[in-house]
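So, here's a batch of structures to check.
One chain, chain A, appears in both complexes that follow, with chain B as partner in the first and chain C in the second.
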Partner chain A sequence: MASQRRKRGQNRVVRYLILGSWALFCLVPVIWFLSIGLRPRTEIITPQPIYVPTLSLDAWNMIWSDWPMGSYLRNSVLAIVGSVAIDLVLAIPAAYSLSRYTYRGREDIGFYILSTRMMAPAIVAIPIFFLFRNMGLLDTIWALMLIYAAINLSVVTWIIRSYMMDIPQELEDAARTDGASDLRILWEIIIPAVLPGIITAAVIAMIFAINEFLFTLLIASTKNAYTMSVALANFTGGSDGVIYNAIALVAFLAFVPIFVVVVAIQKHLSRGLTMGAVKG
Partner chain B sequence: MARIELTGIQKRWGNVWGVRDVNIDIADQELIVFLGPSGCGKTTTMRMIAGLEDPTEGQVIMDGEVMNDIDARDRDVAMVFQGYALYPNMTIYENIRFPLRMRSVPRSEQDRLVREAADMVELGDLLDRKPSALSGGQRQRAALARAIVRQPQMFLMDEPLSNLDAKLRQAMRVQIKHLQRQLKITTVYVTHDQIEAMTLADRIVIMEGGLIQQIGTPDQIYSDPANTFVAGFIGAPPMNLIEGQVKDNRFQSAGVTLPDLPISWDGPVTLGVRPEDCRVAADGGHLIGQVYGVEPTGDMTYLTLKAGDRLIEVKADRDYRSDLDVTCHVTFDPQRLYFFDPKTGQRIR
Partner chain C sequence: MRRLFPYLLVAPAVLYLLAITLYPGIFAIWQSFHFVKFGPWQWTGWDNYQQLFADREFWAALWNTLVMGSIALTLQCALALLLAYHAYRDPFVRGWRIIFLVPMLFMPSAVAFLWKLAFNDGRIVSDLLMRVGLIDANIAFQSSIPLARMTLILADVWQWTPFLFIIFVAALQSQDEEIEEAARLDGASWAAIFWNISLPLMRPVIAVAVILRGIDITTMFANVFIMTKGTPGGSTETISYFIYRIGFKTFNFGYASAASVLMLILTIIVAQVLVKRAFRSGRV
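== the complex of A and B ==
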């Protein structure tokens, strides 16, 4: 008994050791970013790496005073939240239709939707630029909302659809014989039942949107529409040279909210990411 | 009041047949049971009555009115599903109230009706729970309550007890029959379990391969089967079907000899005899076979005999015991013999 217990304990130590080293390996860049963000500029490029830097809020003060950080943050949040809202409004009925009704070409439509993700975005960059210019939407967050929504619509639809396909037909039949209309069924039965899927899809769309760079760079030209991701790139230019500590700090700050959200919903997330693949 | 007629109903998906030809006239307040093996078209027929599926051919008529073009939600039938189909995000109370809400029953009425229905199935204490917090039997009763709450024209129940264990199934069976008699609502009940069908039904509709094999009261189905399918499906264990030859009014098969047949027939025939109509005799008898198995159950003993290369089931006395391979004589009750044409399976009368 005693020896067995000791063995169990040892196994657990080994397991934590392995997992701990893996976690550390993954987290080192993040920690390194934070450490660079919180040191003075003089300690960034040195012949010998400085592992324990002087704590300094230079970068922190600088990003708020020298740059319109507030605007960037607001643009990011509005563009992302808006785009996810557009996606959900369009994707939920589309996913319901794809998962429930049978009609000619249903499978094809599902595939067309997904195929929009298969193309290199650069191919459509120029046409999209002209499109938004003609609409007078260049350098607005409206354009960002639309483009983020367009990029993510397929994935969001696909994830929600796969959750909906897991709902037994019986449930809808029951609601129908109970007297519910299609819209009622969608609203009162289907949406509550796939809420985890909807949240997962929304978070995945948020992650894609927050990291979007190419189209944002194309559309945004001033602080009217600059988001965190494009603003980051801008720190590298200018007469001040490359301001590594500010870049690192902003990158870290952009990472934190997503990290928190992902940790909160990680149970659903892994299912959302693998599902389209296995269920087809 | 609800009388349902199905006339010339067919259902096909491409070239897959669900139902080939169904004609039934269901009387008001009747409890009718669709009985048949899996895949015979019971669910399909029921879904067409509910309006969840459109017949390819034929008409669904309710109280003289053709219902084919009327949507499921306007048919006023309540369905109980095999998997219960309770709405997982709602409490039991909300589940039972859902059909009332959908039909715009006044709010003041809703609460009273929900509680009445819940009390009827003894679920009053569990109204605040979510379906996931209930046992199988409780979920089943919640599904029943949701069906009875709005006093529909008709109940449709698709294998409602098949997910319950045997003991619970019997208790619920009695409860369903009691409720149906109390509420006097026309009911179609689907099952593949012949005991359930026999105990519940006013009339049984036996189906196979999308076709109705026989319609009748449980007594008629048991004592007057129309063909070998019905004969072999009803009874536990089911009727023994013994192929043999008739010559000079005498049935002959391996180990079986029957003189003085009540039918005029010549040539191959299938003899049907129920295990409960066989009696172990000292000698002579109609059947001579070797004991193949003895299974005491308490109130009787199942005896399996081997005659030629065929096994024949006999219900023997509760204290009957025997060694294997002993020769055994059996007499048949001459009043309860059935003969079938082996080519068509139809009864010879």
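== the complex of A and C ==
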């Protein structure tokens, strides 16, 4: 008994050693990067790395005065909000159809929607570039909105579909015997019941949209459409090359709201990330 | 009308996706039979494809994608399982989850700069290794093939292991605790329970998670674009970066489209075989 207890104690030491090391591996680079964002540019690339920098808000002043940071922020927010709105308008009826009706071809349609998630952005990058060029949409947030919506539509549809499948049929039947139409049932019963799923889907779509890089790089060429994710890559200047403290600061600027929102939907995260395949 | 109704509901989403996948697909196929630079399109038949099959850079890009992708995916999967195994019945599991999530919530482009600074421009990693006494001189990570690949793999593992971790923890937590208890009363060890009971039960979940991660790894672009640009000697060029470079650096659009079409065919095969099966059985 005593040896078993000792063994369990050892197990706990091993467990916390493993989890603790990974926690350090996650956090140390982040804290160091934050210190990069809060130091003057002269202390970043030095013959000897500086681990304890002098605190400075140089980068903060620089991102607002040297670049149109306000435009980048506005472009990011508008393109993301717009794309999520498009996704929800298209995905909610689609998910309703895929989860609450049986009809011929349903499985294939659902799978087709899912399979668009598997497409590498680079495969369609060139045709999409030509398409937007012909439509005169290059370097506009409309193009970003449309493409982000397309990237996320499969994810959003499948997450909402998964939540809708959990609603008991009786709930719907009761309303139907009261004479409610299908659309009213969707609006008054189904949507309120799957609100957590809709929010989860919106948050996941938001994260993917913020992260999007390749299409934005091709579509945006000026401050008209640069988002934060791509604007970062242009933070270079002078002989010193990349301006790391500005990049680090913008990274944290984008991180904070995402972190808050994700912690708020933590319980649904695993289900969202697997497009509804895992009910955590 | 009643029988059409469900089709009408799903139609807008399907049409939207067709516009953004089918149209580009047809466009790419058509363009891949042409020489397209700045002037008008010239029909060249199968030339682009012949050239592509003989192009060592194309095969190298495929190979690099495969090598870096499979190493990164294996590492992430093993690490996420190890961490999930130790965390899922821990009283502080919520805390661990929030901490481990942090890298995943940074923009990938920013993460790429973080590691570029740590490995190359700022020489932090070299400096730390020298302080510990593991090496005597600065390492030029960007000029060695295995080390340059390693930096890309590390950046991916750092950022995306949490993705798998979160899914695995959720899958483990949703399993019936009574089975574990019963096995433990029979004298089975934690490790044995995990290996013989929990792991087989979560196989469908692992399949779904690994497929999703695998797709994102093979389409890796931002990290290559920011950290290595494919150097040294094209050894870190992924297939996505290859298509981008041919299309938007040398403006050889027809040729890049031919590569896109081959990738598209590959994607359809993978989607049909793997994804369909995983998501069918994946309703856990």
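Observations, loosely collected:
The rule is short, and it goes like this: the second predicted complex is superposed on the first by the 243 of 280 C-alpha atoms of A that agree within 3 Å, B and C clash if a C-alpha of one lies under 4 Å from a C-alpha of the other, contacts with A are read in each partner's own complex, and residues count from 1 in each chain.
In the analysis below, contacts are C-beta pairs under 8 Å (C-beta built on N, C-alpha and C of every residue); 3 or more make two chains touch, one makes a residue touch a chain.
All values derive from a computational prediction rather than experimental measurement.
Clash-free side-by-side placement of chain B and chain C is the outcome of superposition onto chain A.
Comparing chain B with chain C, the partner in contact with more residues of chain A is C. By the document's definition of touching, of the two partners only chain B reaches A:Pro192; chain C does not.
In the overlay built on the shared chain, the residue A:Leu55 is in contact with neither chain B nor chain C. Angle at the C-alpha centre of chain A formed with the centres of chain B and chain C, after superposition on chain A: 100°, rounded to the nearest 10. Within the superposed three-chain model, A:Glu170 lies in touch with chain B and out of touch with chain C [touch as defined at top]. Of the two partner chains placed by superposition, only chain B is touched by A:Ala180; chain C is not. Chain B and chain C never share a C-alpha pair closer than 10 Å once the two structures are laid over each other.
Across the two superposed structures, the residue set of chain A contacted by chain B and also by chain C is empty. Put simply, chain A touches chain B in their complex at residues 168, 170-171, 173-181, 184, 188-189, 192-193, 195.
Those residues of chain B that touch chain A in the complex are listed here as 47, 50-52, 72-75, 77-79, 81-83, 85, 87-89, 98-99, 102-103, 146, 156.
Looking at the complex, you find that chain A touches chain C at residues 11, 14-15, 18-19, 22-23, 25-27, 29-30, 32-33, 36, 44-45, 48-49, 89-91, 93-94, 96-98, 101, 103, 106, 109, 111-131, 146-147, 149-150, 153-154, 157, 182, 207, 210-211, 213-214, 217-218, 228-230, 232-233, 241-242, 244, 247-248, 250-251, 254-255, 258-259, 262-263, 266, 269-271, 273-275, 277-280. For chain C in complex with chain A, the residues that touch the partner chain are 3, 5-7, 9-10, 12-14, 16-17, 20-21, 23-25, 27-28, 31, 79, 82-83, 86-87, 90, 94, 96-103, 105-111, 113-118, 121-124, 127, 158, 162-163, 166-167, 169-171, 173-174, 190, 204-205, 208-209, 212, 215, 218-219, 221-222, 225-226, 239-241, 243-244, 247-248, 253, 256-257, 260, 263-264, 267-268, 270-271, 275-276, 278-279, 282-284.
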